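Notes follow once the structure below has been shown.
Read from first to last, the chains carry the letters A, B and C; within each, the first residue is number 1.
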Amino acid sequence: MGSVGGMSRTGARLTELGIELPEVFPPAGNYLGCVRSGSLLHVGGHGPVNGSEIVTGKVGDTVDLAGARRAARMTGLSLLATMRLELGDLDRVVQIVKVFGMVNVAPGFNQMPAVIDGCSDLLVDVFGDAGRHTRSAVGMAELPFDIAVEIELIAEVN
Amino acid sequence: MGSVGGMSRTGARLTELGIELPEVFPPAGNYLGCVRSGSLLHVGGHGPVNGSEIVTGKVGDTVDLAGARRAARMTGLSLLATMRLELGDLDRVVQIVKVFGMVNVAPGFNQMPAVIDGCSDLLVDVFGDAGRHTRSAVGMAELPFDIAVEIELIAEVN
Amino acid sequence: MGSVGGMSRTGARLTELGIELPEVFPPAGNYLGCVRSGSLLHVGGHGPVNGSEIVTGKVGDTVDLAGARRAARMTGLSLLATMRLELGDLDRVVQIVKVFGMVNVAPGFNQMPAVIDGCSDLLVDVFGDAGRHTRSAVGMAELPFDIAVEIELIAEVN
């Protein structure tokens, strides 16, 4: 579905956008990157990691809004890498259903929606309408290893 | 189901309770108010907004328990407004499955369950047993635009 | 499935591990311990409670990593008790799909994955591969009644 002659439509779209997905990030504990149940794929918390680069720090203090938004986009790319490994082809994504975006906030920073848009914009850029999802974007007291952003999602897949 | 002669049972119940749902609150970023996948409707984070009224502030500091509970009820009404727009008729709700209630807490405030009961009580009042759900009610470091409460939910619908 | 001659495989495994599940913890508000919809069982937030014992306090301050990890395991046992009451037999668990682990953190504590492994390890010990799940493990500003850990999960059941 969506693939023509073995060509991945989503893969072509990534190329068009100049996006190369990062290596799949290994889980930081005794858990899996994602689990499928029926038509729903639950993808656990991912962070802004790309190879050796990792964005850490409190948003609103050592990380500014632009940096946090970029971190959210990086996190989205990491989510896509995990999903592609699981599904073989991202064309199997029918709909991104739900995003839960968590921002490692300094006291008083509350522009979480603008931060998490960095991930949401990416999902819509890559999947089009199938990338439109519902969402919460909230401020956490702490995130693992002080990463600036952590995002999990639920996708419908075939 | 639940409607008699085109009459919405849930609509009648809202009238009986003297409830008028607020306008649907527009998402604060690049996302949708809710997304349906199969029989599950995921409704993203909503806040205590009713037209021009919005409840902001830290619960346990500038917002007290009673005010926070009222904000949770307002948030529940906003969730219902979004669900009604999506479903056409709230009678299509088979079961409220899961509520995730987030409270914008001042340090030391930990009566989140009593706050989120403001939403849970509303759901049971409106839907009866179909409104009984499982839940978490937790304290966040920050919420978008400093809203006092944010709630998301999952419903089974037909 | 998994039961031989009326014997619960998971029950036998619990005995083998020397585990006795705690009493089911009553919800702290107007909600249910879990709700099933289709093949998915949503289990709401549980805490580290075993009869009269409850683990409270900020992790990284009055609760150390080892104590928090033990609290996460206690929370996992409480989740299992609720699931067994709902399902009759834990053999009906096909897969633990998703765990959302919340740690009541003191500022600067960010080893949430190591804490929540206390629950994840338990689930894998009890269910084997069926216990392997995806996950987020994050730091909350406050948890109800100052409990040290709160965990919710989604399981596929038959």
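In this text, a residue touches a chain if its C-beta (ideal position, glycine included) is under 8 Å from a C-beta of that chain, and two chains touch if they have at least 3 such contacts.
Quick caveat: nothing in here was measured; it's all calculated off a predicted structure.
Copies chain B and chain C of the same sequence differ by a rotation of 120 degrees once their CA atoms are superposed, given in steps of 5.
Residues touching across the chain A-chain B interface largely differ between the two copies, under half of the numbers being common to both.
Centres computed as Cα averages put chain A at a distance of 26 Å from chain B.
For chain C, residues that reach two or more other chains under the stated contact definition are 38, 40, 140-141. Interface of chain B with chain C (complex): residues 38-40, 94-95, 97-99, 103, 105, 107-114, 116-117, 120-121, 124, 132-141, 154, 156. Only residues 27-35, 37-38, 40, 42-45, 100, 102, 140-146, 150, 152 of chain B touch chain A when the two sit together in their complex.
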